[in-house]
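One structure, pasted below without further comment.
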Amino acid sequence: MLELFGTSVNLAPIWLTLEVAAITTVVLLLLGTPLAWWMAKMRSSNKVLLEALVALPLVLPPTVLGFYLLIVFNPTGPVTEFLRFFGFEGQLTFSKTGLVIGSVFYSLPFAVQPLMHAFEAIPQRLLDAAATMRAGFLDRFFTIVVPLSQRGFLVSATLAFAHTVGEFGVVLMVGGNIPGQTRMVSIDIFDHVESLEYDQAHILSAMMLIFSLCVLMLVYGLNRRFGVKVG
Amino acid sequence: MLELFGTSVNLAPIWLTLEVAAITTVVLLLLGTPLAWWMAKMRSSNKVLLEALVALPLVLPPTVLGFYLLIVFNPTGPVTEFLRFFGFEGQLTFSKTGLVIGSVFYSLPFAVQPLMHAFEAIPQRLLDAAATMRAGFLDRFFTIVVPLSQRGFLVSATLAFAHTVGEFGVVLMVGGNIPGQTRMVSIDIFDHVESLEYDQAHILSAMMLIFSLCVLMLVYGLNRRFGVKVG
Amino acid sequence: DTANIAVAANFTKTIEEIGQLFEKETGHQVKFSFGPTGKLYAQIKNGAPFDAFFGADEKRLLKTAEDGIGIEKSYFVYAQGQIALYSANYPVAEHALEVLKEAKFNHLAIANPKTAPYGERAVAYLQKVGLYDGVKAKLVNGESIAHAFQYVVTNNAEIGFVALSQLVDPQSPVYQKGQYWIVPQSEYKPINQGAILTQRGANNAAATAFMEFVKTPKAIEIIQRYGYNVQ
Amino acid sequence: MILGNLRLQLGHFQLDSGEFALPLQGVTVLFGRSGSGKSTLLRAISGLDKQTEGQLRVNGEVWQNGKHSLPTPERHIGFVFQDAALFPHMSVKQNLQYGLKRLPKAERMAAEADFNAIVMRVGIADKLDRGVNFLSGGERQRVAIARALLMRPQLLCMDEPLSALDWRSKSELLHLIEEVVAEYRIPMLYITHAPAEVERLADRVVFMKDGRIDTIETLQEALARPDSPLFDDQGAVSVLQGQPLPSEEGLHPIRLGADTLWLSEGMDTQREQVRARILARDVSISLSEPQDLSIINHLQCTILELLPSGEQRLLVRLQMQDGQKLFAEVTRRSAERLQLTAGRTVHALIKAVALTE
Amino acid sequence: MILGNLRLQLGHFQLDSGEFALPLQGVTVLFGRSGSGKSTLLRAISGLDKQTEGQLRVNGEVWQNGKHSLPTPERHIGFVFQDAALFPHMSVKQNLQYGLKRLPKAERMAAEADFNAIVMRVGIADKLDRGVNFLSGGERQRVAIARALLMRPQLLCMDEPLSALDWRSKSELLHLIEEVVAEYRIPMLYITHAPAEVERLADRVVFMKDGRIDTIETLQEALARPDSPLFDDQGAVSVLQGQPLPSEEGLHPIRLGADTLWLSEGMDTQREQVRARILARDVSISLSEPQDLSIINHLQCTILELLPSGEQRLLVRLQMQDGQKLFAEVTRRSAERLQLTAGRTVHALIKAVALTE
């Protein structure tokens, strides 16, 4: 609990949000990097379909997305069964895992698009040159691609993080709003509004607004200065 | 009413959604074009702040945005008073006007960013050449800039339209869910879920999913083929 | 023990107060997840880890029993919501029916009659007293009773049917401001808010204890203080 | 006259021309290293950069006064850019007509009357209906030149119009520009890096350095010094002016005072004056009038001076009988063997084929 | 030997080399118009394009067999790209060491021992700690060449390594590459558009056309025809090979059989053979041995044939006393005046300064 302008603010949802956003960002970078690389190198017209699929969360209502994730990740559903088969225990939804999964889907375009653009901007010749100097694929990836797409990774990570922080619909559906476990800031703001605690809602909203603005300015600053494409 | 797979679907929210999305798109193009032009020509570091502000709806929870729009747009609030001064009658909330204004805020980045990129890609020399051929500013804008950013306008318009169609939080908060007036598809889906009418929800969601996918593929197809940057 | 309990959003403050008392007296822990009743139902149906479900109506609670998730014999009505007509400027305390009949206001806020019992009862009452057709065009639907209340609080609707609990809470932004009129309970079918234990909660000592605790006079006192009736 | 003193700050680069005066006739070439501010100065003169400050009067009209500047559309100039800057969404014809439509009525009528003549002159009459993206680089520049000419500008600016072209298009277009200059007599400001273009076109050269105007010289002055910036890896160059004579036996003579210089390449005999560009290394020296030699041009000259050029070579400055100067490059060894000294009369041998008009 | 037959489809472009065999020694130049598939062939040979199909054996090792191809890292080649392709996030030294670290131990030790020698040779010893973005174009290419040499490749590929440089860096680097070729004796595949580079470096020329190999000729064969694709706007060119002799009085003689050719530019006298490139238009013909003339080189030749070249010019093919062929360009008028006919003995006059090694 924190006292701010005479109003006590429960910090647990903030920490949880930051934690989930951090984990989501890591997961997104781990999954998004190969996906973005693959997309960057694709030439076929499937690429258009894949790009559209990745971008889908940008235009779908989050509650709709959340509702279907809820159905797909149902503990008796096929996805969970499949994972059980590999020794997975526990449940995908209504836990931090659920929050992370939901956020990963929701923030996917924000992570994949800047990475893809960064990868596309790496001149093929540099990779060719490395290949003639006896560097294999992974060697080239880590010694040439990664250092040269630093800014792409940074933009990707900050956008994914910020977007997860601002996430509401999916998280509410998939997470279940359990205090300390799945209640994130955006839901908390809403609970405050519901229970007529407008002061707390205002304070949390202001914090979120300032945070988002800072993150975006960072991203666009990098973008201007280093020519990383965003979004 | 439409019978589909043995389930009756109310079409009114669909028509309303398309109408609001269309109006929003027009408004966004009208407002977004000068804004995007101004931003494309800006060199100062304010540009970063402006870009961040325009992108804010991408990372803020829409319900939070909606809640504050509700406060700002109230009929005795300064915004409405200001509009009254110019002869505006009626109310911003609970009307198509409100839906459009809310959607304009929410879809702003989707309209402005592709336009800005399209404008930035127009070689200054073409405008200079036109100036030496006695074309004034507006003349140049309509005879050179607009035709050359056609694809940018198309991407801008389709993304703004699709995003408005998929809009939920803001519209829910500001609209008042009045059947035939402000009940949009995304809210309708939500209501069906709430009242356990899952069949209708599934049908509407599927329609929306397919629609969004088509729009995005169109956009990315254009993007690939004509090099218009998206998002 | 710790119990996770899903609670309809309108009951947020009340149950938090009961929960604190409960934790102090029994040493058990309770965690509340708030949300719209329909969404909570969808979550429970898809495996949400809730030990008990305090809804805003009876229908969706009993449906869980039908689905084999809720334990039918644990079902009881823990509170009855009371509808109040509130306005900041109209003399509803004395002349509620006249105000409704004249219908000089622009907007009358209610909760969505399709998804929220408060809204449904309000509409039923208006129909019963023959005023529905007169105000039909002015109805705006909040997604929940809290949302309807936001419309009134933010001045977007001049008048609205809200929950008595939202008016008598000392933290409420309209506490002792404006006027309200409690619709006599005899005029509408009681808004029975039902609670049910889930299969998951059957073996949870905290959950079962809490179900009983809500029936104790101490709890009832709190419930009544927040403006609900208890049978 | 163009009278001016312009300043313009672009990022870290500062243009500060200093006071300058240029006659509003013939071709003025802006010459200087990359980044010396040639394009920036030309853009400042054209009013294309809004931040320009200073003074500029052209033909008595005020184009720039402090921060106040006459908008480009009202300056009545033509501009040809390095990459032509054609409007990609218009056909060739539409590109040409873009400016026409914006001329006042009277001028428009006159310009439309010229349309066919100019289009023929520039050699794009058969390409009017093409999309500009289907033109070669050379054709694009032709359209750009026609487009600028059609506006009947009082000043024609060209910023490296040939530098993006291959050598064949370059030489064709250089020829075209030369003819346009002679025919339409529009004063021209021309930027180039190529000494060959300067030697062919320039009446005067504005040398730029670090954002300022260093010197303004006539072409003859600029070519007189052996260390002229106009000399590149091919070494020193002389430009001789003469009157074209009717061709004989497939050769094209030029009269230089009493002498005749034979060119193997054709030229426009309608013109009063033509220029021949001669590399110093293509000029040999003979003490006597040589016989039995495939070299046709033997011009009698007087040695003015011997200038060292590199380690083992000398640049010999010769004066021809009509007073024009000619450089010859010889090895020290030859110079010693032939005992070349200032004042001696010699024969300059120039292979006819080595000349380009 | 390189034995191959490679196919590669890129969009609408189809490479189909046809069977070819190239000795794995000396410099093989790929020459052809833009878009003829030179780069594509070189990339196919290097294994940089995964879709390559066909056959390729290099020194007996199978590099490509049908769709199966040996990965580039295992082909042990070096590659120098047009724009150097230095890693921008590394210093010069790190760029040079990138490949070294990936060599097997024994080779690495040997390469590290060569490090200083190569770095000195290429002239970048004082730039090792620089960031590569602070290098000039010429310096970048030097680093790229050193980087490739350090890998001790069995084949060195260069795709237009000089085309992005200014003329001064071009000539310095051409010199360097020539020396590297002579010194390290690494077989080289070299792409260029510039005839001058072909004439300086090539042992044989692969002419490409529309995605196929048109012909493979030795340099002498390629230069023998008057319509050789290697001749550009400067016209026909001859390349004479000779032994360098010690310089005298600042001039640099080359022995061509019994004759001596004097160059004013220095060359590496350690080398067994050097080449002199002579433009036909720089060669004049005299019937008698001329006196009093600043032209030093007078070579006695026999006229082999007279070939028309343009409207008013003739190309005279001469045979020198040591059997090498030399082109001279003269006007028809001169040819008639001097009565030049095949079989006649004449003197070819070449200004010393006009030679470039």
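Order of writing sets the labels: A, B, C, D and E. Residues in every chain begin at 1.
Simple rule for what comes next: contacts are C-beta pairs under 8 Å (C-beta built on N, C-alpha and C of every residue); 3 or more make two chains touch, one makes a residue touch a chain.
Every value quoted in this text rests on a predicted model; they were computed, and no experiment measured them.
Spell out the chains that contact chain A while also contacting chain C.
Chains that touch both chain A and chain C, as defined above, are B.
What's the farthest chain from chain A if centres are computed as the mean of the Cα atoms?
Ranked by distance of C-alpha centres from chain A, the top chain is D.
Once you find the CA centre of chain A and the CA centre of chain E, what distance in Å lies between them?
Each chain's C-alpha centroid was found; their separation is 54 Å.
Just how far, in Å, is the C-alpha centre of chain E from the one of chain C?
88
Centroid of chain B to centroid of chain C, CA atoms only: how many Å?
Averaging C-alpha atoms per chain gives centres 35 Å apart.
Hey, what residues on chain B touch two or more of the other chains?
67, 190, 193
Which chain C residues touch at least two other chains?
Each of 39, 42, 150 in chain C touches at least two other chains.
Please set out, as single numbers or ranges, the residues of chain D touching at least two other chains.
Residues of chain D never touch two or more of the other chains.
Under the stated touch criterion, can you name all the chain pairs that qualify?
The complete list of chain pairs in contact reads A-B, A-C, A-E, B-C, B-D, D-E.
Enumerate the contact residues on chain A facing chain C in the complex.
Residues 67, 70-71, 73-76, 91, 93-95, 172-173, 176-183, 191, 193-198.
Which of the residues in chain A come into contact with chain E in the complex?
Touching chain E: residues 123, 125-126, 128-136, 139, 143-144, 147-148 of chain A.
Where on chain D is chain B touching in the complex?
So the residues of chain D touching chain B come out as 43, 46-48, 71-79, 81, 83, 85-89, 98-99, 102-103, 147-148, 151, 153.
Please give the residue numbers of chain C that touch chain A in the complex, ascending.
4, 6, 9-10, 12-13, 16, 31-35, 39, 42-43, 46-50, 144, 146, 149-150, 166, 169, 171-173
Can you list the residues on chain B that touch chain A in the complex?
45, 47-49, 51-53, 55-56, 58-64, 67-68, 109-110, 113, 159, 162-163, 165-169, 186, 189-190, 193, 201, 205, 208-209, 212-213, 215-217, 219-221, 223-224, 229-231
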